[in-house]
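Here it is: the structure, laid out below.
The letters A, B, C and D name the chains in turn, as written, and every chain counts its residues from 1.
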Amino acid sequence: MSQNTDTLFFSSDYMEGAHPAVLDALSRTNLVSTEGYGEDAYCRDAQRRILEACSLPDGEVRFLIGGTQTNQFVIDCLLPPCSGVLCPSSGHIAVHEAGAIEYCGHKTLPLPTVEGKISASSIRQYTNDARADANWEHMVMPGMVYISQPTEYGTLYSLEELEEISSVCREYGLPLFVDGARLAYALAAPENDVTLADLGRLCDVFYIGGTKCGLLFGEAVIFTRRGMVPRLTGQIKQHGALLAKGRLLGVQFQALFTDHLYEQIGETAIRCAARIREKLLAKGFELSVNSPTNQIFFAIDNSLLDPLSGKVSYGFMEKIDDHRSMIRFCTSWSTTEEKTDALLSVIDQMDTQR
Amino acid sequence: MSQNTDTLFFSSDYMEGAHPAVLDALSRTNLVSTEGYGEDAYCRDAQRRILEACSLPDGEVRFLIGGTQTNQFVIDCLLPPCSGVLCPSSGHIAVHEAGAIEYCGHKTLPLPTVEGKISASSIRQYTNDARADANWEHMVMPGMVYISQPTEYGTLYSLEELEEISSVCREYGLPLFVDGARLAYALAAPENDVTLADLGRLCDVFYIGGTKCGLLFGEAVIFTRRGMVPRLTGQIKQHGALLAKGRLLGVQFQALFTDHLYEQIGETAIRCAARIREKLLAKGFELSVNSPTNQIFFAIDNSLLDPLSGKVSYGFMEKIDDHRSMIRFCTSWSTTEEKTDALLSVIDQMDTQR
Amino acid sequence: MSQNTDTLFFSSDYMEGAHPAVLDALSRTNLVSTEGYGEDAYCRDAQRRILEACSLPDGEVRFLIGGTQTNQFVIDCLLPPCSGVLCPSSGHIAVHEAGAIEYCGHKTLPLPTVEGKISASSIRQYTNDARADANWEHMVMPGMVYISQPTEYGTLYSLEELEEISSVCREYGLPLFVDGARLAYALAAPENDVTLADLGRLCDVFYIGGTKCGLLFGEAVIFTRRGMVPRLTGQIKQHGALLAKGRLLGVQFQALFTDHLYEQIGETAIRCAARIREKLLAKGFELSVNSPTNQIFFAIDNSLLDPLSGKVSYGFMEKIDDHRSMIRFCTSWSTTEEKTDALLSVIDQMDTQR
Amino acid sequence: MSQNTDTLFFSSDYMEGAHPAVLDALSRTNLVSTEGYGEDAYCRDAQRRILEACSLPDGEVRFLIGGTQTNQFVIDCLLPPCSGVLCPSSGHIAVHEAGAIEYCGHKTLPLPTVEGKISASSIRQYTNDARADANWEHMVMPGMVYISQPTEYGTLYSLEELEEISSVCREYGLPLFVDGARLAYALAAPENDVTLADLGRLCDVFYIGGTKCGLLFGEAVIFTRRGMVPRLTGQIKQHGALLAKGRLLGVQFQALFTDHLYEQIGETAIRCAARIREKLLAKGFELSVNSPTNQIFFAIDNSLLDPLSGKVSYGFMEKIDDHRSMIRFCTSWSTTEEKTDALLSVIDQMDTQR
C-alpha cells in the first residue's frame, strides 16, 4: 500500500513505528509465555533498570500506554478533593486532551507562561492568593502541579528553575508531576542540565515517554516513593489502562534501557533539528520560540503554506495574524540526515521574497 | 532472562505476543511514516476489510487497545441518563473490570445466567418489571444490553438465542453490545452457527477482539451504523484511549483480515481444547461447564492444586466447596500440539485416586 | 386550592410540612440576620445538642438537605478507590436513588437480606471471599458498609446485631454508615434497644433524618470523629448540597433537639401503626413483614386495590403473585388518632371475603 | 440566642429567612397532605404561573434547591460530549462553586469580561477559533453558554446585548443558559430593559432565583421547550437534588408569583442600594463597578477595613493593590430604610481622610 511516499513527514514525532532495537526485542520474545498485566520478568527487569537510571531505589514504576492516559491517570490518583492541577496555560492537559482531566472530575488551573514554561513564583502567587481568599472554601484550591520537560513548545526548564519549582511545591505541599512524553529530546539537548536523577530527586511523579522516543507505545510512570497510590493496579484497570500483555511494555522499556539506548536515542533528532533551525534562519524565517529540542516553531507567510504542504507534512499550530501563521517541524529518533537534507532543500526552494 | 521455561502456560490466552503474520506486518511497515491517531491508510484499509467481513457497508470501525477499555468506552458512550447496562451476573463488566463501568457513572444490572449466558426472556422480564414499577422514576432503568460471544465461561449463544435477544432488544429500544474479546474462538468452534454477518445484522455494536486472538493488542469496535456516537474521536481521546501511533492497530488488523487469517486463527486452540477436555474426562475429572471453545473449566480436588501448579500455569476460578475448586485451562492461537501433548501427559500423571 | 381533602394520606411520611414547634422556630427567627452556609450560631447550637445526645464530644455534625443527597455525599467521601459499598439488596442506595451512587463512580455491592436486614456474617463472608479471590486486583473490593435503621421494610437491627456488624466492620477496616432517615420511628418503637449513643459508639457515620421526622427538610450527618473527610465544606459545595441559608437547618434541628422533641416525635406514629396492624390482622390480612415501626406492609388481593385507592393514598410496593400485591401504609409524626380512626373504618368496610 | 444583633448585615442577600408572604404560605399549608417529589397541586399551580409570567406556554418548569446545584444540574444535562461551557471568567460556575461543573466531568471555558459581562463577539470568536483549530478533535469545543443576569458584579445585560448573545448562540447551535439567582434585582432596576418574556424568548434555559429573592430556598428552572432533558425527574434524583417535600418549593413560588410579589420584591433593595452608592460617592469612595442592582462594589483603604467590620458585615471581594481592597455591600428584599440609615451613618463617620 502506498503511504504518501513522496511526502516528507515532519509533523510530529510519532509518525513511525519503533526503534529497530525495540522491535527486535519484541520479535525475539514474541512467543515466550509470561504472566499477564505486567507481572512478568521483563517488566520487573525494566522497572529495576529505570529506577537505577533515576537513582530511586525506593521508587515504583508502572507502564501505561499513552500520554493523555498517563496524565489523566496520575492526576486523578493524586489530586485531593476540591483541588485542581496548576499547569501552564499551554499545557497538554489544559488544551489538547479533549477534557480528559475534567472528565475525571478535576479542574485545570492554568498559569501564564513564557515560551511554554511557568515559574515557581507564579505557583507561589496563585496558591497564596487562593488560600488567602475569603471565599476559599467555595473555590478549587491548587492540589498539585503539572509541567512538561521539554514543554509543548520544546523549551526546557533549567535545573535551577526546576529546583525552584520543586521547592515551592514542597513548601506548599503540592505534588509535582512532570510529563516526560518527549524527555529523551531534553536529555539529548546540549542546553539541558536536568538529569533523570534530578527528576527523581525533585518530582513526586514523572514519566519517561516511550511513544515519542523509540517505542511502539508506552510511558513509564515513576512514583518516587512506593505506596503513593492505593490500589494501584486496580485503579489502572478501572481507568481502562491495564494492558493484558503487559510484558510488551516491559520488553520495550528493557530494550530502551539497555546499552544506553535511551540516553542516545534523541541525539539525531537534536542534531537534525539544529540543522533545520539554521536553514530557516538563513532563509530569513523568524523562529517563534527559542526551543533547543526536537520541535521547531517558526512564523511563515500564509501564502507559503499550501506550496509547502504539498511536499512536507508539518504541524499547524496557530494563527499569528491575518497574514502569518506559526507552524511546527518536528524531528524524532527516526529522522535521518537524508530526510533532513531533503527538507533543507525544500526550505531552500521556498519563495520567501513574496 | 529465564522466563519460567519449564512451566506450561495454560492460564489464559494472552500469554504470548502476536501471530507471526501480524508481527511480520508490524516489522515490514515499521519505518513507514504515516499520520497519527488512526487517520492513516492502514487503518482505513483494515476498517474496510472488517466492514466487508461483517457485511456492513454503512458501519463504522474504530480500533481501541484493550477489552476493559472498550467495554468502558462503548457503554459510556451509548447509555442514556439514569440507565444501566443489563448483563450476565458473570459478565466481565460486572465482575472483573475493577468497577470501570461505575467509574464512568453507570450501574451494571446483572441478570441470572446459565453457563454464563442470559436469555431473551430474562431481558424482557427485567425490563417489563422495571418499567411497570410504581417507583420507576427513582430507579435505574435498563438502557442497553451487554453479552459476550463466547461468554466468560466459554459457552456460545446459538444463532436462535442471539436472534431472540436481538429481537427483544429492538422491541424495547435497548442497544445490544456484544463483547467479542474471544470471538475468533467462537467462529472456529464447530458448534457455532453465528457468523460475523449475523453479529453485524443483530447487534448495535460489537467488537472483534485482537488481544486474545493473535494481535499484540487491539480491539476493533464495529458500530453497525455510522454516527451512533457524537464526537467519536474526541470521546476516545477523553477516555485516554486514543493511540498516537494508531496505525499499529490498522497494520495488525489488516494482517488479521488478510488471507482469511482471522477465520482460521482459532482453529488450533479449539482442536487442542477438545483434546484436553477428552483427556480430563478420561481421567475422571468433571467438566464444570459445557464449553465448546478455548476455555476448559473443570472441578479438581484441592489436594491436586499444588502439585499441578508446579508444572502448569492454570487459571484459578472459584471454590466449589471445601474440598474442590473449579479451575481453567485456556488454549489460544499460539498453543501447539506439542505443548498440548505435554499438558496431556501432566494430566495423565495426576493422582486422581486420592 | 383543594388538595384531595377527601383522601386519607398514608402513602409515606413526607406528605405534610413540619412539626408546629419546628415551623414556629423558623417563624420566630425568620428576620434575624446570620452568616450563611451553616456558619451561624443556630447551627452551632444544634450541632452541640446533637453531639451531646449522641455522647460524641469529638464528633462532627453537618446538615444536608435530603436522604439521597446524604447517602451520595457520605459514600462518595468515604469510599477508597476501586471499592464498593456493601448494602442490603433492598437498600435505598441499591434500588431507589436512580443510580446516585454509581453516578459518583461507585459500585453498590448488594448482600442478601432477611426482612430488609443484612448480617455480620454475610459481610464477613463477602469480604473474605473477595479478598481471597485470585483476581481480586481486577475486582471491586468492599470499602464500607451501608445499612438503614429502621430498614426500608421498617424492621430494626437489635443492639446485638448492630454490635456484631460494627465488630466485623472494624475487624475488616470497613467504615460503617447508618442511614437514619426514619430513625425517630426506631427510637420510639418499644422493640428498639439501640440508642443514639449506641449509634455514636458503633458507627463511623450515621444521620438523624429530619425530612421524615418533623422537619420541612434536613438530615444531620454525624461523623463520629472530627476530620474524617478533608475539605468537608468544599466537598458539600461541590456536590451542590451546601444550603446558602444554612441556618434553616440549624434552626430546625435546634427545635427538634429541644425539650426532648426528637425522642417523642415518633411516638404517635408508632401507636397509630400498631392500631392499623391490629385492625389489618383482625380483618384477616397477612402482614408481609414483621415491622415494629411506622411502616406497615401487607398482602392484599388485587381486586381490592382500586376501591381502596379511592379512599386512601397508600404506597404500592410490589407484586406478590398474579392475584396479590404487597402495599404499604405509613404513619408519621403528623398522623392523628382521628385520621387513624378514619383509616380503620375504611379497612373495616373492605370486602375481604372475595 | 444572641445573633450579633449589633452588626449591620450587608454582606450578602441570603442573611435572613423568607418574605413574610412566603412564610405565611408555608404556615397556612403546613399540615395539608400532598404527594411528594413535586407532583402536587401547589407545584403545578406555581409552574403554570411562572410559565405565564414568561410567556412560555410550551415551557417546562422544575424547582431545585440552590444556585450551585442548579448550575451543576442544568449544565450536566445539556452539555454534549467533549464540550465545555463558555462563561465569564468571573462567572459563579468558573470561580465559586468548588469545581462543581468539573466534578460532573465538564470544563468551563472562561471568556474575558467587562464588569462581569461577556459579549456576543467574544462567543463568536472563541467558537470560530476553536472550530477552525487543526487540533479541534483533541480539544474541548464550546457546547453551551452560561451568563448571569444580573452578573456576579451586579451589572446588567441590556436587551440589545442579550439579543446579540442569543443570536450568536442560535447561529452556532449553543444552548444559552441564564443564571437568574438575583434576577428580581435586575427586574426591579430602572436601568433594566430585559423582561421575563425576553428571557423566555432568548434563552434555552434560565432560572428565577428564589433563595436570594424572598424564599427560604428554591430556584425555578425554566426549560423554554418541553422535553429538552430526558429522564428529567430521574436525573434530578440522581444528582441528589430531588426534594421529598417538593411542595415546599411549589408553595413558596406560588406565593412569589401571586399579587405581583416577584415583580416588586427587589424594589426596596434597589432603592436602598442607590442611597448607599450616593453616600459612598459623597464620602469620596470610588465605585469599582458601575452596578445598577443590589450589589455595591467599592474601593476602600485597607486601614478602614477593621474599623468597618466591627460595625458592618460586608463581603470581602479582592485585593486591588497593597493599600486598597474592593469590598461589597449587598442589599436585599429584607433590607429596610432604617437599616440603610444606620449603614449611611456608619459610612458618614468613617475617617476617609487618612
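Throughout what follows, a contact is a pair of C-beta atoms (placed from the backbone, for glycine too) under 8 Å apart; a residue touches a chain by one contact, two chains touch by 3 or more.
All values derive from a computational prediction rather than experimental measurement.
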For the interface formed by B-C, which of the candidate pairs A-D, B-D or C-D is equivalent, sharing more than half of the contact pairs by residue number? A-D
Name the chain pair with more contacting C-beta pairs, choosing from A-B and A-C. A-B
Could you grab the centroid distance between chain A and chain D? Build each centroid from C-alpha atoms only and quote it in angstrom. 42
Rounded to a whole Å, what is the gap between the Cα centroids of chain A and chain B? 33
Taking the mean of the C-alpha atoms as each chain's centre, how many Å separate chain A from chain C? 51
Touching two or more other chains - residue numbers and ranges from chain A: 82, 97-99, 103, 105, 137-139, 234-235, 237-238
Which residues of chain D touch chain A in their complex? 82, 84, 95-99, 102-108, 129, 133-135, 137-140, 315-319
Of chain A, residues touching chain C in the complex: 37, 77, 80-83, 105, 137-139, 141, 230-231, 233-235, 237-238
Residues on chain C engaged by chain D in the complex (per definition of touch): 1-4, 7, 9, 11-12, 14-18, 20, 23, 26-27, 29-36, 40-42, 45, 65-70, 72-73, 97-100, 103, 211-212, 216-217, 234-235, 237-245, 248, 313, 334
